[in-house]
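Below: a set of structures, written as structure tokens.
You will see two complexes here that share subunit A, one where it goes with subunit B and one where it goes with subunit C.
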Partner chain A sequence: MKKTINIPIGSQHIALLEPVRFKFECENEKIVGVGSDVGFVHRGIEKACTTKFKFDGIGYVVARVCGLCAITHSMTYTASIEKLIGGEITQKAKYLRILLLELDRVHSHMLCLSHTCENAGFEAMFMRIMGDREDIMEIQELITGNRVQFDYISIGGVNRDIDAAQAKNILAKLELLKHKVLGYIDEFTNNWSLSLKFKGIGVLTLDDAYRFNTIGPLARASGLQADVRNEIDYLPYDEVGFNMQTHSDGDINARNLVRLSELLNSIEMCNNILEGLPEGEIFTKLKGKPKGDTVVRFEAPRGELMYYVKGNGSAMLDRVRIKTPTFSSIPAFSHVFMGADYADAPAILASFDPCLSCTAK
Partner chain B sequence: MLTSFFKAFTNLFKKPQTIDYPVTSIEKDKEYRGLIEYGESECIYCLKCEKACPPGAILFVPVENPPKNEKNKKGLKYHYNPHLCIYCSECVRACPKPEEALWQSNKKPPIGIKDDKVNDGWFELEKLKKV
Partner chain C sequence: MKKIEVSIESVREKIKEFYDYKKWHFLTLNGVALEDDMLEIQWIFSEYAVKNEIVVYYAHVNCDEVIPSVVDIIPSAIISQREIVDMFGVNIEGSEKGLYLDEDSQQRPLRGCSI
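Right after this comes the complex of A and B.
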């Protein structure tokens, strides 16, 4: 006689932001087997990139892969085309790109943290973080002209400049936000519903993090020093005060704390950029068509994002391959669920911050 | 415990964080990326905007009664689809006469309703373009 019961979570579930299905094989309350299905929001973007659009418009197409890391997608694609064409962009454009990447990281992490609170049953904290997230959305609207789809990065630089009055306004808002984030750190370390409840739940050890090639905040919470911002040279991350944030526990609480300290680091980087923004042009016209192939990596809010672009010297590309952070982390996700209580599954899933529209593209 | 009670009590007298929308209007940013606007008399019909547009929301289609403009030798008319546009302003950057012939406003797009033939009308224009 079969002793286990199969319980699914998803594809539609009240704790999920996007459709994903996990099939749990449960023995009493313990999960003993996990199966996953992530392809519910497939839109055929990779195919569209090679058949419908010319290479100079694809930066706007891949930004539609995901609403939360839109800027990282267009940034990675643009960097790969710039590498193929062989152009150099100005220092100011590079700094403005980092500014937007970091603001994007801040609002993405805040969404994740608020979602974690909601899963802990702490609705008031969810409302508070989502309300404070509006400040970041306003800053993004001020810089780019839109709240979610920035369309800010184009091949050769950025599309808009910021003036002194805007910079002052943004600095004031970031200062306010910094105090709010310090308040969150207090709540996440001292409040029972957010800290003690999450300690020791959904643990990923350092060895397992190595074994499953984990990336992003998930790896850093386990103590693995994995951050693409430390390894690339397209953008001057070492000049703006980047510090890698790691934790050693590997549980949900550790992931929350890593995200919180990354928030502080990102805000500090934005401050540094706005205060020391170099003079110069924001756009350099690059001529030529992409020929050859290249691989470019960037750190999206959820981990390493990789683009493989192959061009043949014409306006249409041969191949655009997108490898998204959530896709790479699925083996680790499945491993963490093993041995956990079924009741903890939604909270563990929320702490991974999965992005399914990225994964299915 | 006491402080949380005190906070909860004071929160009763706080204003809500949301905007009371239909009563209070939402402030629109001056630099908000909105509709693309077109100055017919200043256009030189170089068709750069049409080529630059990523989703293909600008079409110059030959018509019987084209707008009177000495630069318009092929008898073309400008068509713009606000529902297809992604407001990236690539067309404005490609335009040789920005601010005069083509510019970006901060107006919101209209609501697409069936009577306007949002889809079918545009598909017919696209067919004309391909011929």
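Right after this comes the complex of A and C.
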């Protein structure tokens, strides 16, 4: 039997600025065993949702689960409550919700791609993408009032409308961004650091993607046609130009390319929404208190986000269960690490785009 | 959402019969505290490429009962089993404590029944 040594990544590591620890058992350079610890900053938000806050305020609490996908958390919770109390919101509110969800995906994917560049030692590209990401942050601030952690979605609709001048301003910024993304695709396809170096590294096969219930860009990069936007009808994704983006290689390079394709598709959806925004109110007063239970899912930037909500007809809920994308992907992450070279572990980890703020909700 | 009640003794068998891993996506294991020291344990699935198709297998168990593991059927269930063990203080076969909570943390924070 060969001698094995244990090497940790985290809980604080230069390749990942979040509190997670993977413990790798290595034989020479190969990883032959993986352990994980994600419980460094558990905040008890599920408990707070049923003991400290009434149901109509929880949408703003769960937006604090994660700074990057705050809008998806408040959207998923709010849709759960709207399902339980019944009633329909306006088409305009639905379109504005998709607009914010897709802008959120754009800035989150840009963050992931920039960190991928940083891990590859391509710091100029990291700075370029982070600089360009400011445009999206400015659009989000223009629409919601905040750069992150937006309190934009409320039970019955959204909290702010946009006018024609704002829409024109946003369209112009998105057009500029689209050209920048096309430049990224050129770099990620042709630059040695960002394509050849990542080809064949950290591979997840299609069968293993199914077997580990993989979600989000990690699944789609392996050819698994799974995207919650294709499996729900609470929001009219089929009207705004949604197209599922997949790849078949299942490696780090494929994950980068899926995220890049999704950037273009999200920008296209935002353009379609702004050019065809329906007339009408942005808010509908919905009466009643939640009773019964429901499961609602949305596609966060890292994959499927699920809320289970149970109400009893009062203002306090019986149960709020939050299933976040990174948390449910940990078994798949561990599987991908097995057999990889330890030297590739930081790049593989970055390609998962893990979010520990969501995981330790 | 389709809810299917099963006994805790038969849950493994029912899920094994039902779960085609290329058709059904396992979302998570969930727990809901009920009255009288009881819990509802849920195994939640969605169908790939079908709109709004959610199936929930559930069983009512006493807080002290041993809950069978489904990890050999659904490998990714290991992480949510460990979460439920910490949050509800239940005993799921083969699932260790300590994913989220340290020994000096408040234990079983989501369990409604008496400790």
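Note that the second predicted complex is superposed on the first by the 359 of 361 C-alpha atoms of A that agree within 3 Å, B and C clash if a C-alpha of one lies under 4 Å from a C-alpha of the other, contacts with A are read in each partner's own complex, and residues count from 1 in each chain.
Basically, a contact is a pair of C-beta atoms (placed from the backbone, for glycine too) under 8 Å apart; a residue touches a chain by one contact, two chains touch by 3 or more.
Treat the numbers as computed from the prediction; the structure is a model and nothing was measured.
> Per the contact definition in the header, classify A:R319: touching subunit B only (first), subunit C only (second), both, or neither.
Only subunit C is touched by A:R319; subunit B is not.
> Touch check for A:G57: first (subunit B), second (subunit C), both, or neither?
It touches subunit B, and subunit C stays clear.
> Just checking: does A:A254 make contact with subunit B only, subunit C only, both, or neither of them? Give me first, second, both or neither.
Neither partner.
> Classify the contacts of A:V181 with the two partner chains as first (subunit B alone), second (subunit C alone), both, or neither.
Touch status of A:V181: no partner.
> Using the touch definition from the top, say if A:N230 reaches subunit B (first), subunit C (second), both or neither.
Touch status of A:N230: second partner only.
> Counting only touches as set out at the top, which of subunit B and subunit C does A:M75 meet: first, second, both, neither?
neither
> Have a look at where A:S154 lands relative to subunit B and subunit C in the superposition and call it first, second, both or neither.
First partner only, subunit B.
> Is A:C112 in contact with subunit B, with subunit C, with both, or with neither (first, second, both, neither)?
Once the two structures are laid over each other on A, A:C112 reaches no partner at all.
> Using the superposition described at the top, determine whether subunit B or subunit C touches more residues of subunit A.
Partner with more touched residues of subunit A: C.
> Which subunit A residues are contacted by subunit C in one complex and by subunit B in the other?
none
> Residues of subunit B touching subunit A in their complex?
17, 29, 31-33, 52-55, 86-90, 93
> Considering only the defined contacts, which subunit A positions touch subunit C in the complex?
Subunit A reaches subunit C through residues 37-39, 42, 44, 46-47, 210-213, 215, 225-226, 230-233, 293-295, 297, 304, 306, 308, 310, 318-319, 321, 323, 327-328, 330-332, 360.
> Report the residues of subunit A in contact with subunit B in the complex, numbered from low to high.
Within the complex, subunit A touches subunit B at residues 53, 56-57, 60-61, 131, 134, 141-142, 144-146, 149, 151, 154, 159-160.
> Spell out the part of subunit C that touches subunit A in their complex, as residue ranges.
1, 21-22, 25-28, 30, 32-33, 42, 44, 46-54, 56, 74-76, 78-80, 83, 87, 98-102, 105, 109-110
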